[in-house]
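Got some structures for you, see below.
In what comes next, subunit A is part of two complexes: it sits with subunit B in the first one and with subunit C in the second one.
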Partner chain A sequence: MVNLTIDGKQVAVEKDATIYDAAKACGIKIPILCHDKKLHPFGGCRMCLVEVEQMKGRLIPACTTPVTEGMIVQTTTDEIVKARKLVLELLLLKHPIDCPVCDAAGDCDLQNLTYEYKVNMNRFVDEKFNHEIDYENPLIERDMNRCIHCGKCARICDEIVSYGAYTFINRGIEAKMGTEFDGPLNCEFCGSCVSVCPVGALNSRPFKFKARWWALQKTKSVCSYCGTGCQLTLGSKDGKVLTTIYDENQGFHNGQLCTRGRFGYQFVNSEKRLTAPLVRKNGKLQEATWEEALAEVTSRLSAGKSDPASVAALATARLTNEELFLFEKLFRGTVGTDNIDHSAGYAHEALTKGALASFGVAASPAEIADIQKSSQLLVVKSDAYETHPVIGFEINLGVKRKGVALRIVSDKKGKLTRLPGAKTTVHAPGSEVALFNALCKSVIDQGLAAEGVAGLDALKAAVADASAEKAGVTAEEIAAIAKEFASAEKGLIILPIGLGYPGHNAALANAAANLAILTGQVGKEGAGLLIMGEKNNSQGAVDMGIYPKATGLNAQGIIDGCTSGNIKTLFVAGENPVVSYPNRKKVEKALENVEFMVVSDLFLTETAALADVVLPACSFAEKSGTFTSLGRRVQNVRKAIPAIGLAKSDFEILNALSQSLGGARYNNQGEVFTEIAATVPAYKGLTQAGLKDEGAVYPVAVAAKLVPAAAKSAAPAAGKLALVTGSALYHCGTMSRFGEGPMYVCPDAYAELNVADAAALKIVEGDQVTVTSGTGAVLVAAKVGKRVPQGVVFSPYHFGEGSVNTITDGSEVTYVTVAKK
Partner chain B sequence: MIMPLIKGLQITISHMFKKPVTLQYPTERPDVKPGFRGLHALNVSHDKAKCVACYLCPTVCPAKCITVEAGEDQNHDKYAAKYEIDMLRCIFCGYCVEACPVDAIRMTEQFELANYSRADFTYTKDRLLEKK
Partner chain C sequence: MSNAPAEEIPAEEIDLTEANEVIDKYLTLPGNLMPVLQGIQEAYGYVPKPTIDLVAERLNVYPSQIYGVLTFYAQFHLKPRGRYIIRVCVGTACHVQGAERITETFFGRLGIGHAETTEDLRYTFEKVACLGACGMAPLAMVNDDTFGKMTVQKVDEIIETYNARPMK
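And now, the complex of A and B:
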């Protein structure tokens, strides 16, 4: 620790702290424009000038000067104020004073400082900039005339997002923030640059002119897209969510968001939202009252009580813990059926079966904070970035700042593979389990296994026939990965799961867990296995027991049961099986066949259109509750706006049904959380009030065990391409389709091909191609690149038109032929 | 008994022949003094309302009677797509005029604001635009 005096206050800080950090630690505010706590010090704006007794004669920038023992610092003297005023005057010389029409006004650092330092006149005169303003981009508007050259946008894009869309171009007075060749912005559109811009040079275009900053009601909540559990602040006005507000003190990610979190909120106030219940009359869905709709559902469910096996229920992992708990209680308890599930059954298997068998708990032993504490990351699929972009930022930071070594095993390349020092192993599609088995074998063969691991012999026998060839990788590479992971001080495996990855099942979780256990990486900080659920509350859905526990049918079984007629009543809360479950034709047929189907959803989805009763539900912005993110963090979701139209939250719907069916009734969702804390062991002792803003990571007692995992041998079909599915960076599940932001940048389904395959098939980028498998055929746009290896096609699953589940059947890899239309 | 009545009538009759002390509105019009705060008007420049929809007037308005909604025109400039004053709530304090950074709103000398229905007291942008 270093001791110093700032404005007469004694303060002790770490030796790598700067004067700015030290002042902040003792509550003294030094004005800044170019500094950001997430970024490396830059020292460009000279607003933070301070006086240091030991360096008299000149003013010192606080944000770049490290503290030294005995330093005596003055942060506000007349001379300093004069210098800061001069800095502001010089900035205002070029900065247009268009605050009345600038959306940053109210939240503008330059405006606030100008006011604070009373800069009401300027000694200098000059012409303003006359740069062309980029109005074309649908998400980020760039007005470089307002830019004050702090460079934050370029630095955040480089340091944290690792994209590098911006840089300073030109020199001297002509210097400006530019893109490559000064062309249009063509990046990931995460909007990090917009969030850190201290002025209005970079603006969110969907929010342009919508409201002034001070008129927005700010509600701290949690993003409802992926399982990362990013906290965000919703800016709402007059019952509409208008934007997401950046708050650098929120969450583990310091307010960083991805494109969906920042620009995908429009689904909340979409015109397509359902505003009244619909009941099918004479074969057509017609508007009805809540009483009518609920009475119909109640009568069907109470009839089902006498034959519980004929009732089934599917819930989405987007509901809050409270709603899922009530859902489970209603169907497993009151109705008495065990046919409840979510996410096609396989998307949570890695937790409910895999992690449960390997670790004794249906949760990952590692948490998000372990990523940066690790020394060796082993990422399964480069898609970890696409499914969980903010986890991707954590990986970026780990690799670039903390020197974490990164190894990716994937069926294709991706953004993570381009990180400095990243080593990528591209394996044969669908051979993940075989690969991990080969790694385990190699660890054992090289004598790298940790001592005293129980069940080693059984595993040895099980992986005896594992080989590198089965995974399409060379033996040397397997040996190298095994060695680097086993010898790493802290090795962490990152495994994304979800509807797009049928191969990421229990077996893969076991195989990956085996490697972690075998190498002694479980039970340490910064090491182990992090299983990343796809949806915002995937972990919560598992914790609340939304899967068959005894003899009940899983999601696939329920679909089959609908087809065969064994399931007569189906309750679907927010799921969209028609687009997201494998084999669309089969699912559609099943749902058409089922006698009575109720769907509660925000939109009239492809699934809801087949229902007998459709109940309009509330989005995350219209309700309170908790979500449990990957890494087991339970966080508060807060209501920002009143319900749209007549919509009711799933809590209200389930509560009403529960009451009319003779089950429990709760006064509010908070009561349910109290019951969760009392009945779900992991949540013991938690209260919603106690979660505060930061949430709480619930502890797990890991009892690690080696569980042999059988690798399925995928039989490659000659002359066919291997189709692998997954997530597109801009989308999550099927809900992001209703957000304008994601649809601007990624509106349609596509199939990504290798350049060589595309050349052989005479396909060029943008061509409409027919992808045909044994299950069906689908027409999508072609994307050509070097990301996917030869012989592999990649397609994301989110879209209703040209949905990839038309041709998949739930197996790890689908063999397809691709032809130009 | 009768005398006070006659006295009273005397005063009344004498006033019938004096000059009236009050303004004979509406036949006579008052002389409106400078600085009078009457009905608002939106100033026009180059055939366009000067208002840039900065929302400072609704922010400062103590009676919360101003509703502004901004829009983006063809030149990507900000303009007031909606500008409404609820005259029933307005307290004629003139803060809106003071707050306006672009001199887009002023208060006229018009004080006759009586009307027949509540809806007529909602002054939309069209009604507020200064008349040439």
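And now, the complex of A and C:
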């Protein structure tokens, strides 16, 4: 610790702190424009100048000067104020005073400092800049006339996002923040640059001219897209969510968001939202009252009570814990059916079966904070970045700042591949389990297995015939990966799961867990296995028991039951099986066949359109409750706006049904959480109030066990391409289709091909291609690149039109033919 | 199904062999971006766009950063340069000796302005601040040849001389 005096206050700080950090630690605010706590010090703006007794004669920038023992610092003297005023005057020389029409007004550091330092005149005169404003993309407006050259956009895009869209171009007075060849911005549109821009040079276009910043009501909540559990602040006005507001102190990610979180909120106030219940009359869905709709559902469910096996229920993992708890209680308890599931099983079996068998808990032993504490990451699928972009930022930071070694095993290359020192192993599609088995075998063969691991002999026997060849990787590479992971001080495996990854199931979780257990990487900080659920409350859905526990049918069984007629009543809360479950035709047929289907959703989805009763539900912005993120963090979701139209939250719907069916009745969702804390062991002792803003990570007691996993042998079909599905960076599930942001950037389904395959098939970027498999064919646009290896096609699954589930059947890899239309 | 051949995407077609050789030479050198770009400029006379993408790919540097470096240093050129670079000094000494008339005459004769290149890629014209030979003001240089005590007549002589020189 280093001791110093700032404005007469004694303070002791770490030796790598700067004067700025030290001042902040003792509550003294030094003005900054170019500094950001998440970024490396830059020292460009000269607003943070201070006086240091030991360095008299010049003013010292606080943000770049490290503290030394006995330093005496003054942060506000006449000379300093004069210098800061000069800095502001010089900035205002070029910066246009167009605050009345600038969306940053009120949230503008330059405006606030100008006010604070009373810079009401300028001794200098100069022309303003005359740069053309970049309106080329629909999300980020770049008005470089307002830029003050703090360089934060370029730094955050490089240091955290690792995209590198921005740079300083030219020099001297002509210098400006620009892009490659000074062209329009063409990036992944995470909007990090917008969030850190201290002025209005970078603006969110969807928010442009929507509201003054100070008129917004600010509500802290949790993003409702992927399982990362990023906290966000919703800016709302007149019952509409108008923007997300950046707060650098929110969450483990310091307010950092991806394109979905920042620009995908428009689904909340979409014009396509359902505003009244619909009941099918004479074969057509027609508006009805809540009483009518609920009465119909109640009568069906109450009839179903006498034959519970004929009732089934599917829920989305987007609901709150409270809603899911109520859902479980209603169907498993009151109605008495075990036919309950979510996300087709693909998004949870790695946890509910895999992790449960290997670790004794249906949750990841590791948490998000472990990523940066690790020393060796083994990332399954390059697009761990695409499913969970903010986890991608954590990986970037770990690799670049903490020197974490990174190994990617994937069926294609991705952005993580380009990180410094990253090693990528491209394996045969669908061979993940075989790969992990080969790694386990190699660990044992090299004598690297940790001592005293139970069940070693059984595993040895199970992986005896595992080989590198089966994974399409060389034996040397397998040996190298096994060695680097086994000898790492702290090795962490990151495994994304979800509807897009049918192969990421229990067997893969077991296989990955085996490697972690075998190498002694479980039970340590910064090590183990992190299974990343797809949706915002995937972990919560598992914790609340939304999966068949005894004899009940899982999602596949429920779909089959609908086809056979065994399931007569199906309750679907927010799921969209028609688009997201494999084999679309089969699912559609099943849902058309089922006697009675009720769907509660925000939109009239492809599934809701087939229902007999459609109940308009509330989005996350219209309700309170809790979500549990993939790192087992339980966080508060807070209501920002009133319900849209006549919509009711799933809590209200389920509560009403529960009451009319003779089940429990709650006064508010908070009561449900109290019951959760009392009945779900992991949540013991938690209270919503106690979660505060930061949430709480519930602990898990891991009892690690080696569980042999059988690798399926997928014989490649001659002359066909291997289709692998997954998530597009801009989307999550099927809900992001109703967000303007994601839809602007990535509006349609596509099939991504290798350049060599594309050349052979005479396909160029943008061509419409027909992708045909055994179960059907879809027409999508082609993308051509080097990301996917030869022989592989990648397609994201989110879209209703040309939905990839038309051609998939739930196996790891679907063999397809691709032809130009 | 259309039988028409795939449409050619118009792109700057250049041979990347030399650029690859330059990159190979410096691949393991720390801080290799500058020598690589200088080597490429020496090989091609300027830094063509495809080579920027190549350097970005092979050195794992963002293309935007390379562009930033290229626009920061005056030594780099993003457009093809003439075979003969005419530089006319407009520094203080040359200015008072009438450098402006010299530059104007070049502009008129060549039909190009400052930092521009003739269509046949024979000449690039540049006004420069000082060439360090004020005693010979006004001064002009063509590549490494120096022409002191410039006059309007001499401009025509220079252009005639270099029009007769080979392009390669």
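Just a few scattered comments:
The definition used in the following text is that the second predicted complex is superposed on the first by the 821 of 821 C-alpha atoms of A that agree within 3 Å, B and C clash if a C-alpha of one lies under 4 Å from a C-alpha of the other, contacts with A are read in each partner's own complex, and residues count from 1 in each chain.
Quick note on the criterion: a contact is a pair of C-beta atoms (placed from the backbone, for glycine too) under 8 Å apart; a residue touches a chain by one contact, two chains touch by 3 or more.
Note that the structure is predicted; figures quoted are calculated from it, not measured.
Of the two partner chains, neither subunit B nor subunit C is touched by A:Leu278. Using the contact criterion defined above for the overlaid structures, shared-chain residue A:Cys150 touches neither subunit B nor subunit C, since it reaches no partner.
By the document's definition of touching, neither partner reaches A:Leu515: not subunit B, not subunit C.
Within the superposed three-chain model, A:Arg212 lies in touch with subunit B and out of touch with subunit C [touch as defined at top]. With both complexes placed on chain A, subunit A has more residues touched by C than by the other of subunit B and subunit C.
In the superposed model, A:Gly164 lies in contact with subunit C only, and not with subunit B. Residues of subunit C that touch subunit A in their complex: 1-2, 5-7, 9, 49, 60, 62-68, 71-72. Those residues of subunit A lying in contact with subunit C across their complex are 154, 158, 163-171, 178-182, 418, 420, 762-764, 819-821. Those residues of subunit A whose C-beta lies close enough to touch subunit B in the complex are 99-101, 105, 133, 135, 208-212, 214-215.
Across the complex, subunit B meets subunit A through its residues 52-56, 58-59, 70-72, 76-78, 101-102.
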